[in-house]
Amino acid sequence: MLKVENLHAFYGKSHVLHGVNFEVGEGEIVALLGRNGSGRSTTAKAIMGMVECTGAVDWKGQPTLGRKPYEIAHLGIGYVPENRDIFPKLTVHQNLMLGQKRANQTGRWSFDDMYEMFPRLKERQHTEAGVLSGGEQQMLTLCRTLMGDPDLIIIDEPTEGLAPKIVELVGQYLQKLKQRGVSVLLIEQKLTIAMAISDRALVMGHGSIVFQGTPDSLRADAYIRKEWLEV
Amino acid sequence: MEFFTVSMLNGISYGLLLFMLSSGLTLIFSMMGVLNFAHASFYMLGAYFAFTTAQLVGYWPALLVAPLLVGVIGAVFEKYALRRVHKFGHVPELLITFGLSFIILEMVQLVWGTSSVDYRVPEALVGPLFTVGGTNFPKYRGFMMLVAMVMLLSIWLLLTRTRIGLVIQAALTHPETVEALGHNVPRVFMLVFGGGCALAGLAGVIGGNFFVTEPGMATLVGSVIFVVVVVGGMGSLVGAFIASLLIGIIQTFAVGVDASLMGAAQTVGLDITPESFGYPLWRLKISQIAPILPYMFLVLMLIFRPKGLLGTREG
Amino acid sequence: MTHYEFKPYNVGRWVVWSLFALILLVAPLVFKSGLSQTMLSQMGIAIIVCLSYNMLLGQGGMLSFGHAVYSGMGSFLAIHTLNLLSKGTLPIPVSLIPIVGGVSASLIAVVFGYVSTKKAGTTFAMITLGIGELIWASSLMFPEFFGGEGGVSGNRVAGPKPLSITFGPQIQLYYLIAVYTFVCTALMFAFTRTPLGRMLNAVRDNPERVEFVGYDTQKVRYLAFIISAFFAGIAGGLGALNFEIVTSEVVSGPRSGAYLLFTFLGGATFFFGPIIGGILMVLAFVLLSELTKAWLLYLGLVFLFMVMYAPGGFASLIMMNLRVAAFGRLRELYVGYLGLAVTAFLVLLGAAGMIEMVYHLKLNAALGPELTFLGVKLNAYSANSWFGCAFIMLTGLGLFELARRHFAHQWGEIQEFIEKEVKRREALA
Amino acid sequence: MTYALELKDLRKSFGKTEIIRGANLAVAQGERVAVIGPNGAGKSTLFNLISGRFEPTSGEVLLNGQRIDGKRPFEINRMGLSRSFQITNIFPKLSVFENLRCGVLWSLGYKYTFLKFLADLDDANERAEQLMERIHLHRKRDVLAVNLTYAEQRALEIGITIAGGANVILLDEPTAGMSKSETRRFIELIKEVTVGKTLLTVEHDMGVVFGLADKIAVVVYGEVIAFDTPEKVRANRKVQEAYLGSHVADAQVGAH
Amino acid sequence: QKGETVKIAFMDPLSGPFANVGQNQLRSWQMVAEKLNAKNPAGVKFEVVGFDNKGTPQESLNTLKAAIDQGFRYVTQGNGSGAAWAILDAVNKYNDRNPGKEIVYLNYAAVDPALTNAPEKDGAPGCSFWHFRLDADTSMKMEALTSFMKDQPNIKKVYLINQNYAHGQQVAKYFKDAMKRKRPDVQIVGEDLHPLGQVKDFAPYVAKIKQAGADTIVTGNWGQDMTLLVKAMIDAGMKTPLYAYYAGVSGTPTALAAGKDLEVYGVAYNHSNFGGEIRQIGDEYKKRFNDDFYTFATYNGINMLAAGMAKAKSTDPVKVARAMEDLEFKSFAGDVKMRGSDHQLQQTMFITKWQKMDAKNNYNVENTGYTFVPIKQLEPYVSSTPTSCQMKRPAAAG
């Protein structure tokens, strides 16, 4: 579904991605692993058209490179940024509304689904999102993107700052997404959960993919783990 | 009683006029966070455009055409200039509108000259609407009130019944994220800015002939509209509405009050003579400061209630 | 805004300050005419005012629309003091009058500043706007203090005259102003290097966090506001001496606006930016307006373009080039600059020619279609002039675009080099 | 005995919702306490109440036996309490060094002075330099804080917090967003600089919690439901249910 | 001095909001100079050059410096007393400090009476040897106006509305003084001073005037403050007669025309329906610039300079200034005299009434079809006011 070829990305003059290649298939959960600063978030932004880049990104057979982020979003890619970009002055509910691309859009997910998934959000639905706790904000960003009914969702470190119990929950929900036919590109730091739920794992280092394989093969590959994941 | 009624009517209609002048500014400020110093210039443009279009096709079409033209100019400005400086922060945004106001002023003087133009109230709206004990209440004032109410209603609907308001508010702080959610942020910004300018233009069409259409007209209303927006609570439309009315009414009644501090002091037995310290201040009558009361209002409001009347946030 | 603090001595800094002093010293010897001497004097004053304004804007993030209140009230109190002095009731020399202006302005700031600085951001901006409007409006209403339309005038040739310096001739006054300019600039620079100065930056950046390292943000702003008013008042006092008349325009809104605009144009993010701003302010108001009737249009356009393309003001442009120079790459750029300058000049020439013709048609058409622009005779009715101007402008524009592309490329390459170099040095450190 | 920090029946409501519902806690001098609890339980809010960012609706906060509730943040800071923020809160346009020096100035008594040069404040400069080295940012001495990476900003956040040498330090998720190695290093650093001081830290990472804390306070729904040694808290049924989840108690801890 | 060129520096706003007035007046000076160059008794050639003082005192000082640098010895200014004071003061000081290079200042429209009187308090400047005023000052105009008003029996209750600054305050003060002398029975039923240029809506004032039961309104307002006042009166259907200083200034006539039967009187040293040379100049001016010629003082200014130079047989400012003291010369409306004691021109004043054009009064003001018809002519002595000026004359000039 998503095919990334020879992707190079730049922040101004600094060259961050050096030829990234990978694919994400339909209904697949792919984990993108790597150390801090290895370029995972940049990859996500490049796919969304938010950084300057060269190479090719194909989405359902259509090239998307050079399009504007909102156009890419309309093509069905959802993105959950890493730094909890909730809209602080809007209420929780309004934040979710903005996830929808058009007013009263109906898709796989309804407000109720979201509130069911995270009851905490339901309780806070009329609160300004800016005052939510860190973890609540994290939940909100995830739900907001889901409201846009994407076919592929790119999630950047969704479990950051979540209580262990909720981390498990998020894992379960990602599985659920998959069941409903949504592909997931999961950028993670926490190996445990990433390995537990993903179909395939990618490991990134210094701006390129240094390993592709199943979680099991990654587990088996001590060298990659040592060199590119742990210190 | 007659004086009271007339003053009340004057106050309300003046307040509504203020609202008309500042609604576009509120719109832009609340949604985009831009303090548009060229707002009054767009108001002036509206008046001049209306003057010219009214000569060509008559007043009523001008009522539509002139604001549209102003709106287009505003949108173009947003697209090619304001947008570029958005990322630099609020001060540059404000300054670029400052620069624009110079340019508009000079352009207006080049095209229409530096004297006032003879932009008149249409025949149909000349004359009294009704009479209160010998004082006419002009039709045009009534018309102004009507338009102001329509403006209030339509902006309110826009803000509460559409998602455009949400998109913009969110885009203010996190434009990238909003785009990633599938919203065409730049276009929305352009529409809002253009819309706000068009509102200013409409105020110009209506205010231009009520007041005087001349190059100084922008400066005349320049700062008082900021007072309305701030006193109402930055970005609160209803707040701006209430503030306009309050300012209009207070100012109007203040004109009728000839009391001074000196009078007050004398009633409590203090004797103030021209030799007393600060005599000019003691002597000052309320009616003399009526036109600058809004600024006092502004300062006091910000000191004691920085959010403004209905504002939800500060700064 | 990086601060390298070399102790004990910073040679570069000594050079810069000596140069500044030297320029102040010789400027009137180079520009001798009466007008240029007053202009130089005004520049000195403008420099102080803009620097003091930048204490608020650049260093404290406080956007004030009422700075003229403080410089202006300083002027008024200074001129009243001068008049007392002329009458012999006050035994202080004329050269100390600006200090009176400064002290009185800061006293006023003690009152108004308290209410203004309670909040930051837009609230602050709007309070200053309101206070500014109030003072301006009352300046006309109270002729007793503000002198009505005619303002208050005085005579600076008064009081004791040590060394037979009367301050009558402009040149003597200029040197007084120069001394004040130098000292005030030095003091304001020193301020940026003090704990309060630094906390002011911190308050600008993140007031909330400041509260959690022990500082009361409101108090930081308040103190800075008073200090800034002090310098503004000194400038006001110097202005009173320079013009020997103070009218209500010195507290006016447009005056406050001019401080804001030109401080920004000079560059609010660098200490020395406002110095450029002050100089430009005087040039624009005095010279540009004599040169052309369209000066306000030009001014507006300059602002528009500066804000869009160089939001850091002239100072940032200079600093960018200094950085290139520091890495030893400035030389290669001179061809590029030359190209840019020549082509930009062509564009300007053509555009200005047309603007001048339009203005001429509008304002002076009755005096005949001819006008002289930069020594060239243009005929506003002839297609030739228009065509000529348009041709020059369009050719200029085309060439400019070429030059710009070339330059942008070169510039980008150099910046890349510098980035790398910085990284390399960082790694070495 | 006087506690370093004591909360007595602390309550806080926002509008109608009560977020902190009668929290009680007494932290002794020199104790290192980890505060854990589900998302939205009120941990950060508790910190905000203690540090003066919010005013409690009712109840008392005592710092070394003195009431501090209702005081402004800078007053509390001057009394020897310093905190970091969950969402990075630094001075973006100042260099790393300046950021740290800002954290140092008041505690060394320089206050609002504008009669001394910063360059001459040897003690402050030295302290800032030392700190910079300790948080491994000395290579970025003159880099503006905005230009730091996220992890570096987090480090700076903590640097500013400990710069003033306060006796009671509150850290809100100090290691969020850091990689494992960085986390490890930071835990060491935190341990080092808080020797003899009182520390409260919010954490979701159980590895950190168990590695760092003498005691753990569990906040659930605005109340402190448990306050005890790590072993006892881990064994606590209620805590497991409310927070740790089924297998985390052992699995995740083991992972580190 | 025959054949010499005398350069006059004109300093008034040529850009910004008052540029229209400034431009108009500069052209008036230039055209009058051109006309009179052909036949002036001194045989000199006048050349008027514009300097843009932007209407502000401070910029006036800069333009003055610029003019001095360029060798100008005569300056003229009129728009606004603020700038006038600045120039007066600067000229005084400059002449003091630069003997032999003196400058003379012709004031053609700034009407603060204090400019030709003794200083009101210490430190303030007052009348000056270097300053000559061609316009009639506020007190003189009020003298003329009240001389007319005292004969109007239906004036009983007067309402004063003025701008709260020097000029407006003076109008109010002089009116009260004069009326007390001339018609003690006239009652002042109300008095308003409003901030200059701040009022957007005059309806409240109109309501207040009505409430006060006034039968006459006196105002010194000008510009927007005048136009908006008139508009508000028309809107409210108020017909109370209006006695104004500046009913004829740009834009106001257009507003007046909408009021149809509004009763408006003005006072000035001129009116628009003269015949003779001045009319020719006016007509030609209108043809050339499509604008009204209203600054008649320019005619007097050039004439006075020429006569002064002829008398002094020199163009040296000190000598010319001396010669112009008590000089009698021809104005557009007969003989006039520059009073030596305070340098205030003594001239005939006119009361005009706003009405439809007719055969005799056919100057179409702002193309409204209306005009200001002179209904009373007052000889110079009527409006002449005493001066407290104690002129200090330079020794060289004595």
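Letters A, B, C, D and E mark the chains as written, and numbering starts fresh at 1 in each.
By our rule, contacts are C-beta pairs under 8 Å (C-beta built on N, C-alpha and C of every residue); 3 or more make two chains touch, one makes a residue touch a chain.
Please read these numbers as outputs of a predicted model, since none were measured by experiment.
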| item | value |
| --- | --- |
| Intersection of the contact lists for chain A and chain C | B, D |
| Most distant chain from chain A by Cα centroid | E |
| Chain whose Cα centroid lies at the greatest distance from that of chain D | E |
| A-B against C-D, pair bridged by the larger set of C-beta contacts | C-D |
| Mean-CA-position distance for chain C and chain B (Å) | 31 |
| CA centroid of chain A to CA centroid of chain D, Å | 30 |
| Whole-Å gap between the CA centroids of chain A and chain E | 77 |
| Geometric centre distance via CA averages, chain E-chain B, whole Å | 35 |
| Multi-partner residues of chain E (at least 2 other chains) | 23, 164, 193, 195, 198 |
| Junction residues of chain C - those touching two or more other chains | 137, 141, 296 |
| Set of chain B residues in contact with two or more other chains | 109, 113, 288, 291-292 |
| Partner chain A, residues of chain D touching it in the complex | 14, 17, 36-45, 86-87, 149-151, 173, 176-182, 204, 206, 242-246, 248, 251-252, 255 |
| Touching residues (chain side chain C, partner chain B) in the complex | 57, 63, 115, 118-127, 129-131, 133-134, 137-138, 141-142, 144-145, 253, 257, 260-261, 264, 268, 294, 296-297, 299-304, 307-308, 311, 358-359, 362 |
| Touching residues on chain A, where the partner in the complex is chain D | 35-37, 83-84, 120, 124, 127, 131-136, 138-139, 157, 160-168, 189, 191-192, 230-231 |
| Contacting residues of chain B [partner chain C, same complex] | 35, 81, 84-85, 88, 91-92, 94-96, 98-103, 105-107, 109-110, 113, 223, 226-227, 230, 234, 279-281, 284, 288, 291-292, 295-296, 298-299, 302-303, 306, 314-315 |
| Partner chain C, residues of chain E touching it in the complex | 14-16, 23, 27, 30, 51-52, 54, 56-59, 61-63, 65-66, 68-69, 80-82, 84-86, 89-90, 93, 97, 112, 114, 122-125, 164-167, 169, 193, 195-196, 198, 288-289 |
